[in-house]
């Protein structure tokens, strides 16, 4: 056993591969720095990059709980829209406390509803999430229509309560967030149980864990982080307009990519930190492409798409199981 | 006796027409929830109420296929005419064909057809005309103006790549600005993701070009976002121009965050309803050449001082009274013609409107003073 | 097939459709039954049926294609450009070829490089949408007026029937369909049994791409040209149709092509009926969502004994 | 109810749908005994034990522990009352570390305000391994990187970590190497001496006879008898299990031609870290047994022969054509069939119908012009196979997951055997299959052999290999240890010596 174990040897190989990926990433950033006349790795620009990554990071942190138990939930975008607006409404009444509380309450409640629907109906979350997204979008749009009918718009913070979404507070939020999500995911029974459920449902059941309870709890935790992300989001954008037509579904793309990047570095970093690296890399990518003069709306998207596929190919190398 | 009964019948028919909402008009909102599109819908509803017609509003949810489906659905539900917003110029010919097949008249609003498309549409007897603005004309004067201040470089923040409205505004600005010797350094296209995306993109853009002279944003949502980002870079002394007069932009104007803004062309939707109403009343309005007319709505430039006037007399109250709208239709004003529309539009500016409203006794002298006249 | 019982699993999708039709007959009245409206419903659903004829192979395999809308958009756009240059005859060949090409790319990356289908197709969807404005260059692209005639009931219905026969045959009565369903049931068993899994995945994505291409041509003829928003959310609407029709999300042997049609019609009738009744699009979407969850739930509930439902 | 009974069940029943898994079973277990449960597959052993361990709830009947009513609602609840179980299937969560696996669901003891102290948890795990004399497994690696044997050890530690009075072991020894088995026997003796009750399930009858104090035989969900193991013989047990005397379970018939030409040649196969330079020949019409410990590489070798795993060095040659088998495609085209060990996940489409399962490997036979896949031909074929393999089902349209384990295995075998094969590789074909169907399968193997087909039988069970094979290839640590010829007479002792 020990080091000579064949599986462990393979594990080591994999780790080496991933160190190379990370080194490659850093090298690319360095090259970009030179190519952009040293505007990339400046303090101010790094601040911007990190601050752009804050909201996706919180949402992705939430999502690792539901992703882990195999629930890809297409409704998160619409939940963020509703939770942000609710945070805004309470925020205008009760200040920052209301803002954060509003996001939390809405995030947790909607995730609880999702959890209830996913677990009770037993519809695969993939499809149920699509349905819930439509329902939430509809609720948002009805609220928006009602607001416009009564002569206004959906809640707008104007210049109030905007601190949470700005430097330095948003970046500072990352630190307690990181600690909280690490502890919850790696060091509490909620995280442990949901990781167990995600890995092997049958065995986990036999070990005396109630999988539905574990999943539901993890959805609630997910709701907490999505709610926090929504509160920061509302503070960042000031006003978020609900729309219909499944426009919110694409919100999941960035978190999904971040999780992919995180898992491709799974042997070096804990997934919780990997997520931060993932979201910051994405934010840095767009920033760098703009600095390099790559047009947005066209080639930037192409580069993003290709990058995601490339990262996945690298992280899936040597995969022998069934991939769907 | 016979003659009398016929007369009675006619009177009955006519009175029935007058009493009930006599027409049902279909109207599509391209994407509900976007301020600049919702305000179009609002004014269309206002115009329809003034004219006493029913408005059936549908939402295309930003997709071109749904806008076609919605035309079908409106026809199926028995509308008498359609006021149509085309997400793309490409759809006009086909929508006109569908309307002609169903014998339902059509008026285009906001997006004007290109000359080629227009020529094709004018062969269609059910095409009743178009009311809209030239988006090129939204960007062009701002480009001109910015260049005249001595600015040499500009970056643009705009909406979805490929959206004809924004492409035209960008083109207008670019041609004017570069024609005067300036240079457009980069354009941030913020997709329908809305404000959050525009916030990030405009910030990235400003990091890339910190010494730029001018920022121009072509539509409301990205404009609000860019305005906030620019606040963080107030030290750079960048001039900021905007098209679309969303409420936060008005505040920005007032607070001096924005050098100038234009917009307020959203009255086109209500005028389009009036144009269609004329057609339904049997008075198809023709232009000087006897063809279906195209009315261009001027894009109003709003200076910082006029903020209050716009807020109160455009947003809180509609810029036109119901009478003014009724005057455009032959039903209420037998003299209604293309000229009525043209006169109304020719006088469409902040000053003129305020003065007209003052003369009509809608606003008082105190108001005038508050607005700075 | 003597002993195949008529189970709830088969009835529920039909029942949903019939209930909706009855509901709207009451609410909307004769407007709903007018020939023009019935044709409209078909017009509005036929594109999703086209898309579904391809997607169902991928879904049967337990995978997904989120790039169908973007493939539709890109192949339609490039075809429109080519048509304007070289003539209308090119429209179908080029759209089909381009669709097949994009599908091939998906299939190769998913099967050979083991990239999960969600990731791969989502990434391509973003990339293709990014490429679109490069081709449209800021304005719409027009297609010859002649093409408009393609999109009417008389022309489209025969095409639909023909494609249904071809794809239905392929799906229900050949190895391609049988193997695809086997892959959805158990990929390892399928591979060990001699199913060329990688080839089948590539074929499925190519078929998916081809149908996106064909749907793209019909979309062009329906909307009159290319706009960057063309094909937006097409793939989600197709998925909605397939799942509403009761196709299991994991694919497998009980995937049936008729379910696609039931699902597409159900969604079509619902949206049309609600619009005619005057319900806003915002509310209609919520109702659509509720119905999706409700129908999938009911269909799964009545088959839970036979078919493990994964949560 | 005397005090000496530490655990008893009275008139316990349990049904799964229409299947009555356990019917009115009453049993008394004494503290300080090792009590064996013996019976065919599907006789109700695992179900009975699962009810005691709180995994399943019973439909009726009562249970008592230490004279008190005992009603576990969950495994955790059973643990609290001193009952823990190592289940028959693999019972670890692959995505968690070893330490996390040991304490999953019981982590509160290491938690401070809900936060788990990892160091404390690791120390506790180390102590547990040491205390029970079980060879240590690395604690911070994921369970997925462990061998089957290591996993079973961890499961054992997990079960012991609650310090139970009643320890239930469901077929744990099958995966164990010789020395770990010995260690386990020692451990069990120690626990017994401490006055604990051990419930032990094994298909290995000699082991059960040797280890257990008393044996209970179950049949079709009902208790047949409880006997003292002293003086019992294997044949008696077997008779009780199936209700008839089975003397010859194996259907060995000598190969037609001892020196037939080879049909498959393996030459120096090496898979890094798994197989080393494995060479042998498979002859026409013979059964070549592949035996060895669970990590000896026998299962991996089967996959290489079928082209599922690529060899890093060496080659597999299909003798008829001289073709090199380096892909699944070539293997299948050459007429090689492979029945994998893991039935439900690799060999069957469990949610699909019997018809679909049977037809899939033979699908080319149903293709007509225009690629038409005739439903009629498929149906006919499936019906024939259903009959030929005596699969008990309501019809070909029944879903496979509604069948019993044995019948599922029959479907699996039928789907492969019903096509024209030249070589058949069977990996553990009787794993988890009851005695009756096992015999059936042996008979099949003998029949197939008579058709001149070369068979490779991979098995963990030595008697099976001895009973069926013409030659037995024993592997050790990924290399060929020795090939035994039937002519020499297989002796279990000498084979075990080579294996370990």
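Each chain gets a letter, A, B, C and D, in the order it is written, and its residues are counted from 1.
One rule holds for everything that comes next: contacts are C-beta pairs under 8 Å (C-beta built on N, C-alpha and C of every residue); 3 or more make two chains touch, one makes a residue touch a chain.
What you are looking at is a predicted structure, and each value in this text was computed from that prediction instead of being measured.
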Checklist outcome for this item: Between A-D and A-B, more contacting C-beta pairs sit at A-B
Checklist entry - Can you give the whole-Å distance between the Cα centres of subunit C and subunit D? => result 44
Checklist outcome for this item: Distance in whole angstrom between the CA centres of subunit A and subunit B is 38
Checklist outcome for this item: Between the Cα centroids of subunit B and subunit D the separation in whole angstrom comes to 74
Checklist entry - Mind pulling the subunit B residues that touch 2 or more other chains? => result 32, 59, 61-63, 160-162, 189
Checklist outcome for this item: The positions of subunit C in contact with two or more other chains are 132-133, 188, 232-233, 280-282
Checklist entry - Considering subunit A alone, which of its residues make contact with at least two other chains? => result 141, 144-145, 244-245, 247, 297-298
Checklist outcome for this item: Touching pairs here come out as A-B, A-C, A-D, B-C, C-D
Checklist outcome for this item: Touching subunit A in the complex, subunit B uses residues 31-35, 38, 42, 59, 61-63, 66, 160-162, 186-196, 199-201, 203-205, 207-208, 221, 224-225, 228, 247-248, 251
Item to check | Interfacial residue positions of subunit A with respect to subunit B in the complex | outcome: 36, 39, 44-45, 48, 52, 55, 141, 144-145, 148, 153, 156, 158, 162, 233, 236-245, 247, 250, 283, 286-287, 290-291, 293, 295-298
Checklist outcome for this item: Residue positions on subunit C within touch of subunit D in the complex are 1, 3-4, 173-179, 181-182, 185-186, 188-196, 252-253, 305-308
Checklist entry - subunit D touches which residues of subunit A in the complex? => result 1-2, 5-11, 183, 187-189, 192-193, 195-196, 198-200, 202-204, 206-210
Item to check | subunit B residues within the subunit C interface of the complex | outcome: 32, 56-65, 67-70, 72-73, 75-78, 87-95, 97, 102, 116-117, 120, 160-164, 167, 171, 189
